[in-house]
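The chains carry the letters A, B, C, D and E, assigned in the order they are written, with residues numbered from 1 in each.
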Amino acid sequence: EKELRDVEESFGFKFSDTVTWLNINGLNHVAEIEKLGKHYELHPLVIEDIVNISQRPKIDEYENYLFVVLKMLYYDTDEKIVSEQVSFVLGNNYVLSFQESEGDVFDAVRDRIRQGKGRVRDMESDYLLYVLIDAIVDHYYSVIDTLSDKIENFETAIFSGHVDDDISQNIQNLKREILRVRKAIFPLREVINRIEKNDNKLIQPSTLTFYRDVYDHLIQVSENIDIYREMIWSLMDMYMTTISNKMNEVMKVLTIMASIFIPLTFIAGIYGMNFEYIPELQYRYSYFILWGVMVVLFISMLFYFKRKKWL
Amino acid sequence: EKELRDVEESFGFKFSDTVTWLNINGLNHVAEIEKLGKHYELHPLVIEDIVNISQRPKIDEYENYLFVVLKMLYYDTDEKIVSEQVSFVLGNNYVLSFQESEGDVFDAVRDRIRQGKGRVRDMESDYLLYVLIDAIVDHYYSVIDTLSDKIENFETAIFSGHVDDDISQNIQNLKREILRVRKAIFPLREVINRIEKNDNKLIQPSTLTFYRDVYDHLIQVSENIDIYREMIWSLMDMYMTTISNKMNEVMKVLTIMASIFIPLTFIAGIYGMNFEYIPELQYRYSYFILWGVMVVLFISMLFYFKRKKWL
Amino acid sequence: EKELRDVEESFGFKFSDTVTWLNINGLNHVAEIEKLGKHYELHPLVIEDIVNISQRPKIDEYENYLFVVLKMLYYDTDEKIVSEQVSFVLGNNYVLSFQESEGDVFDAVRDRIRQGKGRVRDMESDYLLYVLIDAIVDHYYSVIDTLSDKIENFETAIFSGHVDDDISQNIQNLKREILRVRKAIFPLREVINRIEKNDNKLIQPSTLTFYRDVYDHLIQVSENIDIYREMIWSLMDMYMTTISNKMNEVMKVLTIMASIFIPLTFIAGIYGMNFEYIPELQYRYSYFILWGVMVVLFISMLFYFKRKKWL
Amino acid sequence: EKELRDVEESFGFKFSDTVTWLNINGLNHVAEIEKLGKHYELHPLVIEDIVNISQRPKIDEYENYLFVVLKMLYYDTDEKIVSEQVSFVLGNNYVLSFQESEGDVFDAVRDRIRQGKGRVRDMESDYLLYVLIDAIVDHYYSVIDTLSDKIENFETAIFSGHVDDDISQNIQNLKREILRVRKAIFPLREVINRIEKNDNKLIQPSTLTFYRDVYDHLIQVSENIDIYREMIWSLMDMYMTTISNKMNEVMKVLTIMASIFIPLTFIAGIYGMNFEYIPELQYRYSYFILWGVMVVLFISMLFYFKRKKWL
Amino acid sequence: EKELRDVEESFGFKFSDTVTWLNINGLNHVAEIEKLGKHYELHPLVIEDIVNISQRPKIDEYENYLFVVLKMLYYDTDEKIVSEQVSFVLGNNYVLSFQESEGDVFDAVRDRIRQGKGRVRDMESDYLLYVLIDAIVDHYYSVIDTLSDKIENFETAIFSGHVDDDISQNIQNLKREILRVRKAIFPLREVINRIEKNDNKLIQPSTLTFYRDVYDHLIQVSENIDIYREMIWSLMDMYMTTISNKMNEVMKVLTIMASIFIPLTFIAGIYGMNFEYIPELQYRYSYFILWGVMVVLFISMLFYFKRKKWL
């Protein structure tokens, strides 16, 4: 295991008997990558696809090698989801991997190789490719766990009545995240399925079981994503009903206040009129009787709204 | 039939002529399970899948055995749905079953074996596997019955006008439950279908009819789940219209009260003005005429709202 | 044609040259049905499926007979939809039919047999089975006609402004009905398709044309059901907009009343103040001028709302 | 070319060398049609399907002829969509066509035959059938153009703020129309596809290109229908938001009026009280100061609502 | 490379050894196109399809040539999307291309040919067709980028609270745009897929890799369109919740104003009554006490609404 400064240093490994894993970080050294591609006799379109980081996950089978593109997903420090392209070229006795930036997703794999632990050291390049893909797919689980947590937070927020515009904005952002994750993960299912199903001489039968295992993981991740998607879509509905319920509550307060005091004010207004002849005005106990009437009216109103369950 | 303390006690059964059913409860004794796996020559990925309880239902065919993972569903004492993983290894003359915790879903099967009743005792391991799977699938019916009851309760609650925020929360939870049940049951259809369709030497032709029967049950359960799903999604719509209807009712009360008393109060206000020269004030019957006008206005308002069907 | 008291009476027919149709009403005489099953050498699962009335429509092919389960649909006297299970066993020279209760859907078939009319009498058991299935499928048309009528009634009700909670409840019930009808009819398509497509020796090529005809009818019924389903789902939307329109109308009345009279009341209130020095109070024509101002205000308000199309 | 009164007159043409096209208008002369069917040796189910006008588009292949059912669509004088059944029987040297009523969709075809123009005259019955089907499919374009116009009219109406209940009713009717058009056109795709794909000796290879062209047209029509369908479904949403926006506007007017005048009325009410000792009442400039306060309050309220963008 | 005035000038190229690319701009010179079609022995339906600009993307395989129709998309100067038809005829040593109007999408290709750069000059007609199609597909990316920008603008507008009717109109227009783009791009996937999968002698195996690359691009564009579609559909929901939130805010202002001042006005009304005997009126400090009561009421109301989080 070495860190190479120059691509050409690696050329010696091509015809060695052991399996060589060449990991290239950073895709802007186009010239170097083209040199490497020439050395390994890669098709020009492969080089183009490695460098163009907006590929969708795919597999292309060439005569002497397999070309696999997939997406690594992680949340960055701003809690934004990042989708980074990783390409693999699987040859008979080598695996080339190309990453956008130096990540740590392959660290565990490196450790296992260094320690000679597990089956990694003894097996062929197809098994190494499996180990690398598996490391990426395992990472998807942590991404969807974060998604799941976010959804639950929103649910809790909405249930506890926080209905500001931010929520609708955040839900929209979450939808966007889920759509991006789907876009990165869903096509990969077909890629792995084709590896598992096809009869490619580069993949040994004994390794197929492991690819099937990765495929099962992907199906599981996909199903979870679809469930989260439904949950978040229905969250919007729930948010809508919560808003409506809030409005209902506001309207009730208004209606109760207005319905109680507007009639009473009217009655007070009657006896504020300046007609010369209003018989009640002269009567000594009018004022007290009126208070009595008003209190009765007030209480019966309260009862009425109580019975309607508005209070 | 014995309860074994140590896995190794069971090894003697491997080459016996009769069918052996080994049921392992609790998946944290990883070492024991690995020992067992070694004895029965299971693939390392199988052991991994048995122990990792977040598998989705699947079937893996190996040379000498079939590996089946499925989910047992039941409501716990808190009325929360629990999804527990059960794995089966079907060999030529043995069935291994692995449960997360000691359940009672297999009790009926045990009883039938003890009593030597039914076809269980005479038949091969593939029939025993069918009986065990059937026991789990039959249990799904009781789960979806509970779901059905819950939905009907919500419908009744909404119809009778209970529109608090709890309902929207409960509906959201119910959606989540249905999505979990779907996730546990739907992939199983394909598993059983593959058992039925494939030409595996471990499954005898005469047993296929029984697997087809389980498959039919699963399709039926799935269809019911999808129906419940549509019902609950439309429940949300219904809840929304109920809220809107409530608000309409509130608004009508407010509008009627305000529309009737605001004009009357205005009239009273007119004659409460202190202008020195207001002819009506001196007229002796003004007050009574005004009352007459107000009563007429009041009644015609009532008629107006009656005709609009707001009352 | 006889009405038999005892199943065993029928056993003589088994080996007769002519086609025998045995119709069993009521499925609680399990013992009798089992006896019959034994006589006709039916698989135990077939007997189980006949007696268990919650089967979904399906077809099972056995060596000497075909087993078909389907659902008869009708509206009972309470206008509730009833789904009743009918099972058929088609043998070489016999058709067994099992109904939950004595219905009249086969009466027309019986009449045609009695009168020796049509092709029924001359043809084989596969044609008889077609005639019986066709009778059930023809009945579906009347069920979906009732559904269609119900939907149109709701549309008319909503259009004419009846927006009470009952409508949302009734729509929910109608959805449930449509889901039940779908559940009963849709799987039958596959059943008939398999009869038509498969190469079963019990079905003669000349009869296939007739099964294809039934299949076409089923497709047509299914398409209609899906159309009704969309109509009723969109009915809910329409109901929602109608509620909102109603609320808009209510709000407009409130707003117009309040916007007109609140300012006027304010003006009246001004001159009801008891300040010692309010110059307008002494002026002789103040009262009449004020009335003039109020009338102008009132009319210009009306114009304003007229221009906004609120009146 | 003749107009025949009696079906039997046509029988002579059956064995002629040239291609015969027999167009039957009106399907209630069942006896005549049955006579014709006998003469051309049609299957009884074909006769039944010709006469029963509620068939869905389909193709049935018989040994000596092809039977095709499709739907002709047009808007009648009341702007209601009419779906009329047209059946074709394609034999070796004849085409029978059956229409519900005498239409003019085939007039153009007749003209081309009369004038001996185009390829119609020289070619075989399969090409004639293509020409007839093509005439019907071409007519679909004018139907979906009308649909498109209707949708745009509704959009314009909703955008310009016409939100009465009629719109929701009209949208519902439009949905119904689209569903009917779908029902008539979509199954036809499969019919034409089967003509094109199957290896029927009645259709010559050179004609297949033309059927593929019809198929392309159908796909295009179908795609447009689906687009219109989405547009109209989303029209309902748009309608809903427009209603809500209207209500918002109404509420704002109410809130502004009430928020401005209710506090002012309160202030006026204060100084309308009859307490013996209210110091302000005696002060000479109180009235004018109060007016000042009220104007300031009024203006600051206006500013407040202006800042909230409610004005 | 020449600009030809007359179609016939081109006929000499037909049998040349080198690859000829003939680009025809403007489709109203039908006679010329028919002459060309005759010269290249094109099927009459091909000529018809070239001239009829409302084709959907498709591929027709004829014996000596391939006919491909696709849509070029761009935004015109009014920011409206334009879908222009481009047809290709691929022969053994020629490519004919037909555009509605002179565009500049092929300029880059022309440049590459002129400069003899890249693989264009050396390779066969099938590679030239790839280059031309690729130029069109690459242009789709800029179209969907514009769509993406528009959606984000709407999101920002809605989030910042701009809720006028224009937004709903613009969203509707955007939906229409997306549906049009889908309609132009989605069928092309199948076209390219058929080129790649089929075994047409006009396409050499070495070129297939390039067509697969175009196919990958199309899939990617399609996925993005579907994502944008979901985003915009959910934008409507978000818009709806924003409107509702606004209304809630309006209602709260109204309710707070009314709830505070209506009771206070009532109290003032009480002491504006003209009863002869109201004990409080004579009491010297009544007025000040009343003010105190009102202030307390006012403040406790504010507290109440504060606690309800309406303020």
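Some points to look at:
Keep this in mind: a residue touches a chain if its C-beta (ideal position, glycine included) is under 8 Å from a C-beta of that chain, and two chains touch if they have at least 3 such contacts.
Keep in mind that this is a model prediction, so the values were computed, not measured.
Counted as hops between touching chains, the shortest connection from chain B to chain D is 2.
Counting the residue numbers used at the interface between chain A and chain E, under half appear in both copies, so the two copies meet with largely different residues. The mean-CA centres of chain B and chain E are about 39 angstrom from one another, to the nearest whole unit. Chain geometry summary: the mean Cα position of chain B and that of chain C are 24 Å apart.
For chain B, residues that reach two or more other chains under the stated contact definition are 240, 244, 247, 251, 254, 258, 262, 265, 269, 272-274, 278. Chain-to-chain contact here is organised cyclically: the chains close a single ring, every chain touching exactly two others. Starting at chain A and proceeding toward chain B, the closed ring of contacting chains reads A, B, C, D, E.
Taken together, the chain A residues at the contact with chain E in this complex read 43, 45, 49, 54-56, 58, 60, 163-165, 168-169, 171-172, 175-176, 179-180, 183, 187, 233, 236, 239-240, 243-244, 246-247, 250-251, 253-254, 257-258, 261-262, 264-265, 268-269, 271-274, 278, 280-282, 284-287, 290.
Put simply, chain E touches chain A in their complex at residues 155, 159, 161, 209-210, 212-213, 216, 219-220, 223, 227, 230-231, 234-235, 237-238, 240-242, 244-245, 247-248, 251-252, 254-255, 258-259, 262-263, 265-266, 269-270, 272-279, 310.
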